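In what follows, structures are represented as structure tokens.
Common to both upcoming complexes is subunit A, partnered first by subunit B, then by subunit C.
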Partner chain A sequence: MRILVAVDQHPYSAHVVKDVAKLAGNTWADVTLVGVGPKMTYIGQPSNKAEKKHPLTKALRNYRRNFLDYFEKEESPYEKRACNYEFVEVKRGVWEELYICRGAMKDLKIVLRSGNPVKEILAQSQEDDSDLIAMGCYKSGDCQWEGAVNIPQKVANNAACSVLVIKKEKKIRKIACCLDQENISQKSIEMINQMVTLYQTELEIVGLTDGTALKPMVEKNLDAILKYYNARQIKAWIKLVDVASMASFISQEARRSMMALWMGEHSLLSKMFPRGKVDKLIRGSESSVLLLR
Partner chain B sequence: MGDEQKTKILILDDEPIVLNRLKPALEKSGYNVEAFSRSLEASNRIMEQDFDIVITDLKMEGLDGMEFLTQVKERSPLTEVIVITGFATMETAKESFKKGVFDFLAKPFKLGEIKEVVAKAESKIRGNR
Partner chain C sequence: MLKTLVYLNADLASSIALRYACQLTHVIKMKLHTVHVEEPDHDGYAPGTGWVRRTWEDAMLKTGEFEIAQLIKAEKSSCPRLGPTKMLVGDRENEILREIQRESYDLFVEGSLHSFTPKKLYDKIHSRLYRHIPCPVIVVKNLVNLEKIALIVRDEVEYKKPVSMFLKIFSGAKLNLDLIYCKFQEPGKLSFKGQKDANGILNAIKKNLIEQDWHPEDCWTIQGAPEEIGDVLRDYGMVASLLHHSISKKSNWFQLLSHIPSPILIFWQ
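And then the complex of A and B:
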């Protein structure tokens, strides 16, 4: 799994880094911490000078240290290994002794970009081929991001991968997962699985109904999902919600649960839940929000 | 290249959708791939034949992936094992590495990511030969 953590200098970013460290501790994901700020005006300066010259460099370095502190050094997949001379087969039958620095098992990099925060975060995600973008936001109200508003919403609406907007210090007890049972993607189920494991929560699988009986295929899909979770000792149940009341259900549920919405290309939810409503959900939700793709 | 010379890979995952995605992708990259959704069948197969690389899920019904990993390493210590898991925890990651896995990948991952890991494992195997 590849995770992109978009950070700024607000306290919620420190919280996001903490949560992502836990997720990375479970998944041994490749992680990039990205900050977007004013243009860098120096190259190769010693670290203390760099910190004075750019406001984000210090924050990024602190986040990296906090991330690494989550792991015991001997067991960390991000710990750099020693450098040695090793014979390497450079082509079949030809060996060359090269000075090899065995890197960490998994990548942790910090990247500083300048420009429009939304464009830069999305560009970094594309370059990394991320599976998940994680970013923070205050518990209620607009998400202020270094002077710009609603950056998490804009990223969430435009990303090609899943986006997790983490609200600070809210204990997650339940994930309410709206999957659009006719077009469930494997990727979205897998992302939910990691979240359920990370937060040790119960799982409410929300199915859509138009008030009539469920189609046999839909019923079969939902039943298969439930059996899948039960077989893995995850407390899960199905709740059917009428299409007409889905939007109000989501906004109410967001007050007490982490909402996970599948917003993939063919998702009915993406039609029912346009950009404006996603903005409102992220702004109004007291808990974290996961948009799955 | 004949089938005998190709790198032999066994995949075990109880989710057929994963096998359906992974097997053709690795075959297209030139590997000789056998895929199993039942751990018992995979377990019997590794007793008959050594594989260069084994890719296994962890949380499955029947034989647990960790037990399967142990079996593979006991039977064929040079086989490189790649763990793929949908329910990753720090403990399973640590235990996998203690048991000598080559890499640990949490789902979801892109095909490119697992292909990279398989290529690294193959390169290590060639280096050991």
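And then the complex of A and C:
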């Protein structure tokens, strides 16, 4: 699993880094922290003034420290191992003392890009082949970044992978997963599993009905998912929602639960929230939102 | 021993209901019987009479039997002592009603997944089956652990009836019981009062239960909107309530029952 954390230098980003560190602690994911700032000159030299002036370099370094601080040094998969002389068996019965530098088991990359934040975040996620883009935003108002308009919304609209928008300081009581399609990937089920563990919360699996009943395959999936979570001692509730009541359900539920929506190709949810309208969902929700793609 | 009938269909709601009913057998002395009704086509007419009709019904039953056998097989690990399912053909509600009357069941259990809109539960409560059913009903909305149950009461209800019905089902059961008095008010003002602030009804029910050797673990009052109280009650493995068939859709009590995601046990008033 590879997680891309899109950050700026404001407190909601620091909050996301903490949450992603916990998530990474459970999943041992490769992680990239990406910041997008103004156009920069060469900042490679530690003494270079451009680095000191650039608003994001300090923030990114702090985030890296905060991320790594979450792990015990000895057990951290991201910790670079020291170089040592070690005896290695080079042929049968022949050992040679070699100077070995062991790298970290998992990758933690810090990237600073310049340009349009939305385009750069999406470009980084494509380059990394990310499974999840995580980003924060102000809890109050309509989920904005400081000094920029609708960045989380635009990223969520256009990302090819799953997107998690975390609203700072909102205690997540429940994760409501909306399900209406027939093909649910194991990866996305695992992702929900991780979210439940991360936030120590209950899970509500929401089945969309056409007013009368669930589609047989969706019902079969619900059953399988329920058994999967029950086997992992995760308390999972089932709730049926008519498509006609979906909007009022989301507006009511989004006040207290993290909304997780499976946005597959054939999903009704994709029709309700097509690319370009996902921002409505993110702006309107008081809680965090996870879009599974 | 309580004679319990569980209705089965080849669906998720029934699978949950069956697993839940099996959990019940561990805490209540009860024998589970299962039934499935294979319904004719939607127009309700069976083709022909005599041999033609019997052959047609046999074919329908075989299809239903196979599906139910699959369901039972899947749940066998959690319910090893389950007997064969009685297969009937006809109108679902009429057949279940006839079966309950014929065999004098003490309790009826069926699955109905928790729904955001109250219509589904409302239609169920006002169905012909529920209007005429002679025994209490458990509507299993979700599969939950049966560690603790709640008996919810309100002001206008005569309290001796739910207590005697409760005792009939749960006598000798190994369960923790909370007695909860629900008072409705505007949303956003959810509040709780403990035993020492309990009102007359709560105290009377508690006394009544203690006389029958049932000691509620806790007695408390919840004040709030139906959806808020429903949310609090999700922590219980079952919520028992007295209910009248004529309850209106807009009444707070009905709204509360529809918001509770846990299984509800209905004693008919």
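The rule is short, and it goes like this: the second predicted complex is superposed on the first by the 256 of 293 C-alpha atoms of A that agree within 3 Å, B and C clash if a C-alpha of one lies under 4 Å from a C-alpha of the other, contacts with A are read in each partner's own complex, and residues count from 1 in each chain.
Just so we're on the same page, contacts are C-beta pairs under 8 Å (C-beta built on N, C-alpha and C of every residue); 3 or more make two chains touch, one makes a residue touch a chain.
As the structure is a prediction and not an experimental result, all values here were calculated from the model.
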{"item": "Room on subunit A for both subunit B and subunit C (clash or fit)", "value": "fit"}
{"item": "Touching partner for A:186 - first (subunit B), second (subunit C), both, neither", "value": "first"}
{"item": "Partner chain(s) touched by A:207 [first = subunit B, second = subunit C, both, neither]", "value": "second"}
{"item": "Touched partner set for A:29, first subunit B, second subunit C, both or neither", "value": "first"}
{"item": "Contacts of A:226 with subunit B and subunit C, given as first, second, both or neither", "value": "second"}
{"item": "Subunit A as apex of subunit B and subunit C, Cα-centre angle in degrees (nearest 10)", "value": "80"}
{"item": "Partner chain(s) touched by A:237 [first = subunit B, second = subunit C, both, neither]", "value": "second"}
{"item": "Touching partner for A:249 - first (subunit B), second (subunit C), both, neither", "value": "second"}
{"item": "Residue contacts with subunit A in the superposition, subunit B compared against subunit C", "value": "B"}
{"item": "After superposition on chain A, the shortest CA separation from subunit B to subunit C (Å)", "value": "13"}
{"item": "Residues of subunit C that touch subunit A when the two form their complex", "value": "11-12, 15-16, 113-117, 120, 141-143, 234, 261"}
{"item": "Complex interface listing, subunit A residues touching subunit C", "value": "206-207, 214, 219, 222-223, 226, 230, 237-242, 245, 249"}
{"item": "Partner subunit B, residues of subunit A touching it in the complex", "value": "1-2, 25-29, 75, 77, 88-89, 105, 129, 131, 186-187, 189-191, 193-194, 196-197, 231-232"}
{"item": "Residues on subunit B engaged by subunit A in the complex (per definition of touch)", "value": "15, 17-18, 21, 59, 61, 86-90, 93-94, 103-110, 112-113, 123, 126-127"}
